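Following this message is one structure expressed as structure tokens.
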């Protein structure tokens, strides 16, 4: 039925309106059965984005106690706060871990689910024991942000205001869960940071200490990238794949290293695009907006051709 | 009054504080009457962002049942869920459609509003009948995301985690409302996606099937762009206008085609900027960070000059 | 403990689970004492992000009455709305101002806090008296957005939908507080806009009237940048520092002018990167994706080398 | 199916579970068509309890400004608060008034609804003009509560804490709407007070000034009761009907005066039950727990027979 | 420490404040171990009041579709609403049923919990199949309320406004769960009604059809009471136990019939107290405020001695 | 203006509607200045009911850890929960204590407020140190409820479901604050319980250990009542004042003992009314619905005259 037709004949009729809706519902219900990318057969519950966000925010308030909350914490109340919050995290994380594991669990029988259940407990506990180390690494990131930005008036300001610290907190949490082979949930955590900061770090990426992302919008760091210590990058930097191998069906082959290796003490300025399994040598500086697809030796200085005065006439408005 | 002055004479006086606030209120109230861009004369209610967001999220849970919610759905409960949600959407959408139509309704008399009311019913129904087709198109987008990204472990992961799917869902919903000439509301829907994903697609854009946006932050696609089937673009790509014609008063003329046509099976890598009513021929590959303002024939390969080792000294910190 | 090990010995034991959590809590509690970037010694409450967001949203509904809310406002009810909202803002802003001031207050004795208290009142009042001027400036920004974008159907649409207007509102509010030397809170306000729009404007930046940012994702404008009147910029533009001086300890020296000066009537297209304390002369047009680190005279036209057809083979997928 | 039977055969079967639910849904859906007390034919929306509660709470904060809210109000901000709140009440009340009127509107055609619409505006406005008088009466109730209870330390305490003042506020608002012949909504308002305080006053009751209900739980005052000035009653008092006339079908005849008339300056102690269209003369005092079904002259003292020491053995536990 | 002492020595000291709190926490933590009525040993989660309330409200909107919600429902959307709501109820009820069963499950080993799990599924399903019958009974209660109260203008008004209907809905739901021997949860449901209406019906009570409670505050109906069809009671009526037998330890013996049997067509007026396993014969009328502990034959008329004019001097103020 | 008049002349006119509202606002604003029971002169913020409710609920979850919350607590997490919750209570209670003290603080100068501030700290701390004793007393109340009601299946059930335990928890908290002479807040706490349970206990009442209130609706216990140990009362019992002395202005004199003394081991059945400063001797049993205004010796048995078969004709419907 076209909108035109509708207005001619029955626009004001509630009866027509009702039967139309019923038909739409039936069509949407049936369409579901025909398309391939749904939960067919497996009727389990997927991880909840709201719950994953809640877990990450709880962990943030544990990793930076006193910064995210309405109350001041003294030495003793800080312990209570950390304990009570972690106790809640443990319980809520278990449910999301279970959902993540079940999502890829192929055997439909109940015995299998008992395995998922056992794995859930082990995985959750293993993650929690990693928190002190995550905390240690984030402390170096905060230090790097403070010393790396003249506009930062204190380390505290970077914890409270810098999107790079927020994104790194989510990444470092998600990375540990990814290492424990938990499906879906780690990606939801880094996508949450991506949504809030514009910084897109795949949970599979490996990143050293004292990492600093300034401004950050548009930063993309791929799944198999390896980043050393004391690396600094700016907004709009891509550490991507140059190409990827396809299997016989034309599908990309998963898991092959295809993103750059950035060695220690490298700085990459805004808008630079670095593609492929190349190595940027230690101490190099990559200029803004450059396009780079080959290895560079340690200590390199790479820059773009400077723009020129010219025949330029019209703009680039959208 | 300067802050210095204030502290000398009346800093602690609540009385001074009160009369000062009263004067500010009066000034803000009067200022409103003098500036041009307000709701003068027309005292209607504008569409509500919260309601528009609620409608989009309800539609998302109808288009991807089982993915966004706390409960597993079986075959029958999926029908109830779709029906009950669409029933709510219909009612809430009508209110926002009415507000959108009234916003541009020029005749102030009540007969006119009866027309808006009738139009609201027709438009809302026409939109709802389009939902199964929207669903079909989104199924192709999900397929494109899964086969186009080696990091995607399943189509389900792209539904749950990929900002490109979120943005395309909002766009495909908004586009249908835009085709039905509904003001304001479609743009609010795509801006909601823009805020969450950094992907800015104008609801007027035309996009074919199997469209894939990876990462997506910074993508901008203009109002009159036309995109074919099986097109793939990466973060930071702009499909913009090179310039736009002005009328005799120096205002841009609305509605003239001014954005690129992207034919089938084109891939555009990150940061590329393509401007003006040019055509990118089918099967072309546009490299990252390129700046392109002229037609390219089918099958083209366009790339940027590679960055060079050089005299680069200082960085680009902000 | 590795996940493997755990599953061998104690995977199902709640007892082990509990003592493990207790140890993690203790380690997180102790770790806090060792790292440098926390609230050690100073046990005050930091500004609350939720409260700062609430204040900004209240101010937005005062500066654009009728646009953000469920109710139409007539001439008289607009006054009540403005008055009641500002009355609430005044009270909530005071608390956040106080927290911001106390955060950097170095003397721990209570007399000092009385000074903070007095300063809080003065600063809050001084800010509120600036609101009518902020309103006036934002009116020019709305006008610039409407006349600068062919896709804008009315000034109202830009208020409701354009991220550039949202970001400028947050910036203009934050800038006044920054001028009054309030720590932390202004940056939280612009970071809130950064999160929602991808536009990152430091509250210290100086910006004239009729400023228009289109699309905006990825825009970064540094702390000491100075922007004239009627300037227009597009998504992905960076106005950054080329380098910054270090002090004897290798820390960046704060507060030195290091970002560009953009004179009146300049347009800067998407993705351009302009670095250092350089001056872009009045009326210049800077093309998309250019990289610019030197002064350009008034009326200049700067463009990037056009991309070329070439040996390009592989993409830039991530 | 009995629970026993279910556990034998199909307790663990999700399939059985699903088809069972489907059958229950169908039965509940059909049952609805057979029973008499539903919205058959008339598919309108009933007044919303949440909205009615919101309106009453908004009015409470207007009638007692400064008592129910987080902020202190000075002379000017009180005006803004009252204005902004009443503006919201007007809009929300109109919707509920319209629902109440439509609920009893018998003619199904649209012309009739235009009448409801017009009536809605008139009724809402008429109610709002009564607010200052309601305020005046409530001031006398507050005074009566303060002088009538030795435990009250200030009139303010009675506004903040006394259920009698809460119930009277709801009643006095509802009574005005009841006088304007609005269906359903007034009763929802007094039932809201009944739920919170245990005091059940029918909105049709007529009550003079300086009325004081202490404690109040269990107080019931019927539809046609008439209460003079300066009356005081305690918890558990019933002013009810002794009997009611039936029509030829055995249904009670509506609207006949059947509840007591209480003249000025009467006090009724806890648990007293006064039934029928009798008159309690001015200045009388009715003792606790008495049962009274006949007129008493002015100045009467009525008391129950005192309990006696006796053969009492067992208790009255529940 | 007395308040006086505290103010002498350490009133302003945050340090003292902190160590004091720590000691209080330790004492509260230890006290828990000493008292008998806690969850010692059994560390399970108790049923959640918020969840139980949510389940009851969902069921109310299923049993009276269209009355409690913002939307009108037509014939088809009513089915979707019922289906989607029951689907949610099923899931949430299962969790609370499981908690209720586990609460009294004595064997701590995991095999036992599998039994609880199985029992949970059976019990939940058995309850859901009872819903159509519950609906049927409630329809008779609504009819009884309408014909029994001259102030009721329609059956709809009694559904929307009458606390007796609310209480009976909760009771009839809870009673079915109580019959299925679910611990704790049924009592939480009737206590929820008790809190909102002041009507306290034990879920174990047996009540026939067409039951009407008017006003209701203070009504108490005990666990073993049996009430016939077409019974009507008013506020403040107690159907309680006269005494109860104690076991050798002095504890009351559970489960012995000890509350009244009320036969068909009985009316009991406000404040009447009826105690013990006595029988009130069919068609009897019990007057207000009477105290009754013996059987009365069918057709009886029981009334209190009328109050008298007397020596009454002082009041009964509290 | 009558509703009739309005419909004749200006029913549909928004303009008339607006000016009418403006006038109502002005009248409500002025009326405020004339009536006596407002916050004239003293422009402080009154205690917040929502905050007081939050404090009480937090304390309830500390006093009965594991019963009110979604999580199971083990031995260690219980300590964290208690600590973190008490830390929050301390901060929120201080604000409400300050508001309560300032409310009655007569001297308007700031030095006086410093006194309030100091007093706030002392009073809050003194209250917190009382919590373990409150916990101990409540443990006896729970024991009394379990052993006193045959329908109680476990002490846990009484904690979760019995209104008497809820009311006693609020009372025992409020009583300690009342002993510390905090205005307003204690009464708000007991009124919160009154609203939820129908049990109205003045915070000034003195109550011993093992106190049990069954059902509770309608119970009223006055300010100066004194209740011993192991006392049990049922719904509808009043312990009130018989009369109260007036001062020369006719106002009741505050603070004179005027409510009953109930000695140890007394049971009072439902609906009994006991008035005046009389003493009910230890071990007495007071029957239901009695009216008692004189002392009774220890061991008394007091009962009401039994109701009789009689001339009763009509009912007591309302």
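Points to keep in mind about this one:
Order of writing sets the labels: A, B, C, D, E and F. Residues in every chain begin at 1.
By our rule, a residue touches a chain if its C-beta (ideal position, glycine included) is under 8 Å from a C-beta of that chain, and two chains touch if they have at least 3 such contacts.
Just so it is clear, the structure is predicted and the values come from calculations on it, not from any experiment.
Counting every residue number used by either copy at the chain E-chain F contact, under half are found in both chains.
Measuring from the averaged C-alpha position of chain C to that of chain D gives a distance of 51 Å.
Note on chain placement: the centre of chain D and the centre of chain F lie 22 Å apart, centres being C-alpha means.
Once the centre of each chain is set as its mean CA position, chain C and chain F turn out to be 49 Å apart.
Listed for chain C are residues 14, 21-22, 25, 43, 71, 73-74, 76-77, 79-80, 82-83, 87, 148-149, 198, 215, 217-218, 220, 222, 234-236, 238, 240-241, 244, 270-271, 273, 275, 287-289, 304-305, 313, 315-318, each touching two or more other chains.
Chains touching one another, given as pairs, are A-B, A-C, A-E, A-F, B-C, B-D, B-E, C-D, C-F, D-E, D-F, E-F. Chain D makes touch with chain B in their complex at residues 14, 18, 21-22, 25, 74-77, 80. The residues of chain C lying in touch with chain D in their complex are 71, 73, 76-77, 79-85, 87-88, 91.
Note for the complex: chain B touches chain A at residues 62-68, 70-74, 78-79, 82-83, 86-87, 90, 118, 121-123, 125-126, 128-129, 131-132, 135-136, 139, 142-143, 146-151, 153-163, 180, 196-198, 215, 217-218, 220, 222, 234-236, 238-244, 259, 270-271, 273, 275-276, 287-289, 304-313, 315-318. Those residues of chain A lying in contact with chain B across their complex are 1-3, 6-7, 11-12, 17, 20-22, 24-29, 31-32, 35-39, 43-49, 103-104, 148-150, 183-184, 187-188, 191, 194-195, 198, 200, 202, 204, 214-215, 217-218, 220, 222-223, 234-236, 238, 240-241, 244, 250-256, 258, 267, 269-271, 273, 275, 285-294, 296, 300-305, 313-318.
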